[in-house]
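Starting off with a structure, shown below.
Should a chain be cited, it is by its letter among A, B, C, D, E, F, G and H, assigned in written order, with residues numbered from 1 in that chain.
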Amino acid sequence: NDLHIDLFRNKRLGFDEVIYGKNKSTNQLIDIINLYKNKNLNFFCTGLHPEKINELEKVFPDLYFSRESGTARNFAYPETKISNSVGVITAGTSDAQVAYEAIETLRVLGIPFEKYIDIGVAGIHRFLHYLDDLRNHSVLIVIAGMEGALPSVVGGIFAQPIIAVPTSVGYGTALSGFTPLFAMLTSCANGITVVNIDNGFGAAMAAFRILQQIENKND
Amino acid sequence: NDLHIDLFRNKRLGFDEVIYGKNKSTNQLIDIINLYKNKNLNFFCTGLHPEKINELEKVFPDLYFSRESGTARNFAYPETKISNSVGVITAGTSDAQVAYEAIETLRVLGIPFEKYIDIGVAGIHRFLHYLDDLRNHSVLIVIAGMEGALPSVVGGIFAQPIIAVPTSVGYGTALSGFTPLFAMLTSCANGITVVNIDNGFGAAMAAFRILQQIENKND
Amino acid sequence: NDLHIDLFRNKRLGFDEVIYGKNKSTNQLIDIINLYKNKNLNFFCTGLHPEKINELEKVFPDLYFSRESGTARNFAYPETKISNSVGVITAGTSDAQVAYEAIETLRVLGIPFEKYIDIGVAGIHRFLHYLDDLRNHSVLIVIAGMEGALPSVVGGIFAQPIIAVPTSVGYGTALSGFTPLFAMLTSCANGITVVNIDNGFGAAMAAFRILQQIENKND
Amino acid sequence: NDLHIDLFRNKRLGFDEVIYGKNKSTNQLIDIINLYKNKNLNFFCTGLHPEKINELEKVFPDLYFSRESGTARNFAYPETKISNSVGVITAGTSDAQVAYEAIETLRVLGIPFEKYIDIGVAGIHRFLHYLDDLRNHSVLIVIAGMEGALPSVVGGIFAQPIIAVPTSVGYGTALSGFTPLFAMLTSCANGITVVNIDNGFGAAMAAFRILQQIENKND
Amino acid sequence: NDLHIDLFRNKRLGFDEVIYGKNKSTNQLIDIINLYKNKNLNFFCTGLHPEKINELEKVFPDLYFSRESGTARNFAYPETKISNSVGVITAGTSDAQVAYEAIETLRVLGIPFEKYIDIGVAGIHRFLHYLDDLRNHSVLIVIAGMEGALPSVVGGIFAQPIIAVPTSVGYGTALSGFTPLFAMLTSCANGITVVNIDNGFGAAMAAFRILQQIENKND
Amino acid sequence: NDLHIDLFRNKRLGFDEVIYGKNKSTNQLIDIINLYKNKNLNFFCTGLHPEKINELEKVFPDLYFSRESGTARNFAYPETKISNSVGVITAGTSDAQVAYEAIETLRVLGIPFEKYIDIGVAGIHRFLHYLDDLRNHSVLIVIAGMEGALPSVVGGIFAQPIIAVPTSVGYGTALSGFTPLFAMLTSCANGITVVNIDNGFGAAMAAFRILQQIENKND
Amino acid sequence: NDLHIDLFRNKRLGFDEVIYGKNKSTNQLIDIINLYKNKNLNFFCTGLHPEKINELEKVFPDLYFSRESGTARNFAYPETKISNSVGVITAGTSDAQVAYEAIETLRVLGIPFEKYIDIGVAGIHRFLHYLDDLRNHSVLIVIAGMEGALPSVVGGIFAQPIIAVPTSVGYGTALSGFTPLFAMLTSCANGITVVNIDNGFGAAMAAFRILQQIENKND
Amino acid sequence: NDLHIDLFRNKRLGFDEVIYGKNKSTNQLIDIINLYKNKNLNFFCTGLHPEKINELEKVFPDLYFSRESGTARNFAYPETKISNSVGVITAGTSDAQVAYEAIETLRVLGIPFEKYIDIGVAGIHRFLHYLDDLRNHSVLIVIAGMEGALPSVVGGIFAQPIIAVPTSVGYGTALSGFTPLFAMLTSCANGITVVNIDNGFGAAMAAFRILQQIENKND
């Protein structure tokens, strides 16, 4: 068998290995899911194209599939284990699918969150309207495509840790997400950190690492 | 002689040929200046490195040199010929030298202007403070390096023509100005236009084209 | 609901929010259109692939769809509100679809225009034939793919504001439009401004900003 | 005067505006320092080339200059205000100067830290030797050039927030730091976040944002 | 006929010409296979998309096709001619298909091998578990996508020749394999060599060149 | 009508306008062909995808279509008007389709030619076998993908004008043809000239320009 | 000795090996020149920086150095051996130094030529003024930086072979010459061929290959 | 002290840690050399700019410095420990300095070698002249800049392991060595492996890994 599941990851990091579905064939995924079932392990998979979900659903009708976030899992959401929350913000409606991947991951990790979709800088009053709500979260995930300006504005106003996620939304000079990626990395607002293009999953994981520290020190 | 001055440019476009100094050797520039002197033409040159200015100043002590804008000219500023004005905005202090090139060109063209330096999004209240002043200009030149977010914010609030100028300020993912360039071109604010990196000269020229139309139609 | 319509944009900028259709799923678009219908708002959407139009047409047969420009709207063209006109020029026939997006936007904004398709530099007499017609417009939108040389020639002859639009027409070193984009930005003709690749919409919006100034000052 | 100091940044974010020195001329910096002196403000500046420091030192012999981190300040380090600490790790000795920028910033912010220089994957036993020490820190800053592999290894073993900093160390395919940047962003270890190339300052700022949350929730 | 088979390659290099199938049309491939059949030559072809295999299988049902490695051949595996072996390692399960291309080529060349799939740095204990097994091979082929960190770790521990193969696994900043390619080329582990992205075939060929030298000198 | 045929091109350059089919919709092409028919003009079109040819063939069954070269025309090949010939060489079989585009264009222009397919440097004796034949041509078109080494070898041995054509054959670091393009442009063999990637048409046109000079001076 | 002079190049190609000086150290060049002197060979070297010329001139005061073209030679210009001529055109004055390299090479090869400097598209009447003169040459070398539009205009009007040379003149999006390079390769004028950026030497060599064919066929 | 020498590298890999000098300051290097001296360790350092060597030579006049290879060491060459040899080939004279780095490393490792400088494809008879000599080596290091064609020709003729080294020799489209790098990686000759641009050191290390295997299996 060509799979080495990382069985000790939860022990080391506090979360199980998550399967990355994008570059795996449907056949490979079927083998993996069967292995997880046989071993009674928690299966969570990201990066699934809608068509791959259709094929997998035929074989495993009992899995939980989410087309809008491109994920699958074989377990129910856990109880919320963490007392602090995450704000998930997007600049446009087109960025929503990346937010859904982050949110599904937060749910799987038992982290409370609030979402703020489509409040980007082209109409900045929409963002300003939520200033008080946003101040309540311990971490802000800010998702934007095209020119990726929103994290700079957020980072100039709020003191929390900010995890910026560039998206591949846009065309031409948006460069499939490299322009907002580079913009976020060279932001004039200080202390913003960044994850890979469209990587809502990674942003949630980074939030989890931070929240775990807050909880630990809090005990 | 290896120079063909474009003697009819003013007739066609309303301004004289401007010499581009960056890729010319000092010897080439000396030949050109002498030619302009002999023919009694207006000489205006951009893209001059401070050291090149030092060398030229020794040969032509009577020229007007501007180190902060990298320009030289052999004539006094004309009278202001145009009744509408331009607002020249920069995000940071580091972007000021590009603003100076735009301003020197506006002066040479007889265009009234106001400058607003260092009012970028990292501290957005600085920009908001000038909302009323900015509304008075017929054209806004918005200059920013790093992530180049300012034109998106300006373009979302103001209805005037906006000429965005990316600068090479920043390092790493600022990509010598390509990141703000691409960001400005893919801005979610509509109808922003863009010129080359650090091209304060070109922005002023574009403003001139617009202002000429306003004046013409006004008569 | 994951949508924050920018209801005050017309007040600020003189035009309503336009929906960007390219990176939205058909389901997202259906939700948005229903929302616009319920609120009795003007819906205008760009960046629609022909197949997406087919799907939307089934659900909303009463919308106005334009396959050649990739747009949809739920209202009739307004009366022409503006007295000055725009010339829309393309280098080749392949660039026509970008021109159609610009033209549809001009129509929606109530701006008069004239089109000049397929008059690029490979047979420059075609462009020279229209010199007198072109001089009558207050703004010139110049659209070209491949090497993007036409705006340089136009900008060297005409004094009006020139908005250059690079297109993704070409192959290999045309770089999906980055070569004409860079060529236009580094043009030796002065004061040309540029918008994103294939962005006919943005060019029309930039023209609108200019024409609004001319009208305002004219009153 | 061409400077708008962001006087309320400390109130909003908990730290003062930091001057970015790289793209400012020595003359601009002298003006800024004088302004800060006159207003009795805390001046801290990053991105200073050794030669610029030499010039500034002649004018302001009473400033604190640090050549190895490229910084200057006009105030003594504050008392440590924060009870949790940061581990600063580098892969090679060549990456040390980026670590020094991070460390100087941590000192200015009053954050306790420990440094671990030159323990990269080419001799992985060096890193393994510090496993126990590293577990004590609340945040890990991991700095690496060339192939940037160290954050992946660290992130696979430790559960804390990890801020990865790519450096411009290397040649050819190291791409002046873009290779480790992209490697860190696409790391198979989950939840790693990244800042700009050589941006030790930004990494310290991001750590500060996290530590502030831990402190706040702790009270 | 538009084909010049290199009939002397085996004489010069010890292996026959291998057909590169990716950029050939199915019609071209059918012509080539018929030619090989008529001339009674050994046909081995790489780079075959599953759909192309489907089409070829209809015409040549007697060929050996391998969908997981994208190859076809008209002859049985030869006897193992070589006494030393190759270890084929991958970082993830998604990299397995590149390993299969390498393995099929090793089989065709009569080289013994062992495979170690999915033992990358995110859970480094999986790799450490095989330290003793890996030491027995004369050459190590190390295959990794995303950040491509595994060859650095392997090369820092093992003294054998290491042939690193970047894969196109990943998204965004993985750059379709250029990020692991550049990472491997700029590895801080010394003496690692690299082949093209996804080039399992080339890695096996390079191993063959090395093993031939060991055999020759051994006689 | 949105088409300006360049009716004087033959007079200026000796050949008619050729339609570039790649970025035109089938509808646009149908309009154009009808126009050419109505005006009784010679229609020659390149860059046609096989599927587009299928659609056009249904409408215009009397046109001459060539799937392997991606072209269509409405006239028979002219008599050979030129006494000197062109050698068309490719490195691999995969490069043949670009050769066919060049050859179809040479036929349309009435130029004699000889083809030499699949004689690249991996088995250099294949090329050496044709040394005497190749010496007879007045121009050599050398077509190669992947590393694009063949033009350097040809240019180091033969004195004729050499027009190198990079192809998009290869994967990974072949960069869709940019690697052979750049290799050919930086060849250590002197006086090689290059055309766009996959541009067999352009190479034939460049040969035509040279051969016309030879004929003219010969009269 | 670490040099293998190609003694048979003239026999094969009609010209001697030319030394490429850019990446050779002054010491290497001194060794090479001494070798050429001892063997009584014709030495011609390109790519010499002015400072390298200064150093070499001290050691070899009897060589012919040309600072404006960056070349050195140890022999007088040959008699003109060729009856047809070359037109050398540049778009701007800044492109002149590349023209000088081409011209020096033409002189060394005994080819008659005429130069037309600074007649680019920003003032297209300058080019139109020379239409009749340009028609007389058998080959046109067209040199341009920035957007590189001139070869498209020339190629649309003239039937001769056109060798386009992009220059590194410009800034920002001129991309050190890659923008005019790509523009020339994707030109809508047919049959233009291109050489490397700033490669005046290669353009002259390509012209030589063409002129040799004309002469040969003429005899 | 900010240095963790890898003391067990020789035990693991058969060679000591080599100091990479390029991105270290002279002060850092002085500290390191002193540490090596105090600990009586073998110091070997690569990537030293001539000026850095000048500075180090003043402090450590007893070290062995090599300006042409950019290296320093504190020990004499060891006895030749290995019975098989390496052929070091370059395409041009400009590539020689990379060959010297490889050769110095081979000497330090006690490996016999032969050099073949300046025998590239522009005059391919130079390479053909050495066919018999080259067949004797167990490994071939092939170094080339510009278009990097030589490894393809060598790999098509010789059966040994071939380590290709791209160099930064060339200009424009040579892309500072990325063009030969990509060309070598996508070579149509099979089983060529590649190291980083200008990395003569790495090529020698890779040869060492291979030769060690041959020796081991031989015993």
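FYI, contacts are C-beta pairs under 8 Å (C-beta built on N, C-alpha and C of every residue); 3 or more make two chains touch, one makes a residue touch a chain.
Source: prediction; values computed, not measured.
**Student:** Which other chains touch chain D while also touching chain G?
**Tutor:** Correct list: B, H.
**Student:** Averaging over Cα atoms per chain, report the distance between chain A and chain G in Å.
**Tutor:** 56
**Student:** If you average the CA atoms of chain C and of chain E, how many Å lie between those two points?
**Tutor:** 49
**Student:** What whole-number Å value describes the gap between the mean CA coordinates of chain B and chain F?
**Tutor:** 45
**Student:** Indicate the residues of chain G shared as contacts by at least two other chains.
**Tutor:** 20, 92, 122-123, 156-157, 168, 170-174, 181, 185-186, 190, 196
**Student:** Determine which chains touch and list them pairwise.
**Tutor:** Pairwise, the chains that meet the contact rule are A-B, A-C, A-D, A-E, B-C, B-D, B-G, C-F, C-G, D-E, D-H, E-F, E-H, F-G, F-H, G-H.
**Student:** Quick check on the complex: what are the chain D residues that touch chain H?
**Tutor:** Residues of chain D touching chain H: 92-94, 96-97, 115, 117-119, 122-123, 125-126, 145, 168-174.
**Student:** Hey, which residues of chain H end up touching chain F in the complex?
**Tutor:** 91-92, 120-124, 146-149, 152-153, 155-157, 170-175, 179-190
**Student:** Quick check: in the complex, which residue numbers of chain H touch chain E?
**Tutor:** Residues in contact with chain E: 12-15, 18, 20, 84, 138-139, 156-163, 181, 185-186, 190-196, 201-202, 204-210, 212-214, 217-218.
**Student:** Show me the residue ranges of chain D that touch chain B in the complex, using the header's touch definition.
**Tutor:** Those residues of chain D that touch chain B are 2-4, 6, 8-9, 17, 20, 22-25, 28, 32, 47, 168, 177, 181, 196-199.
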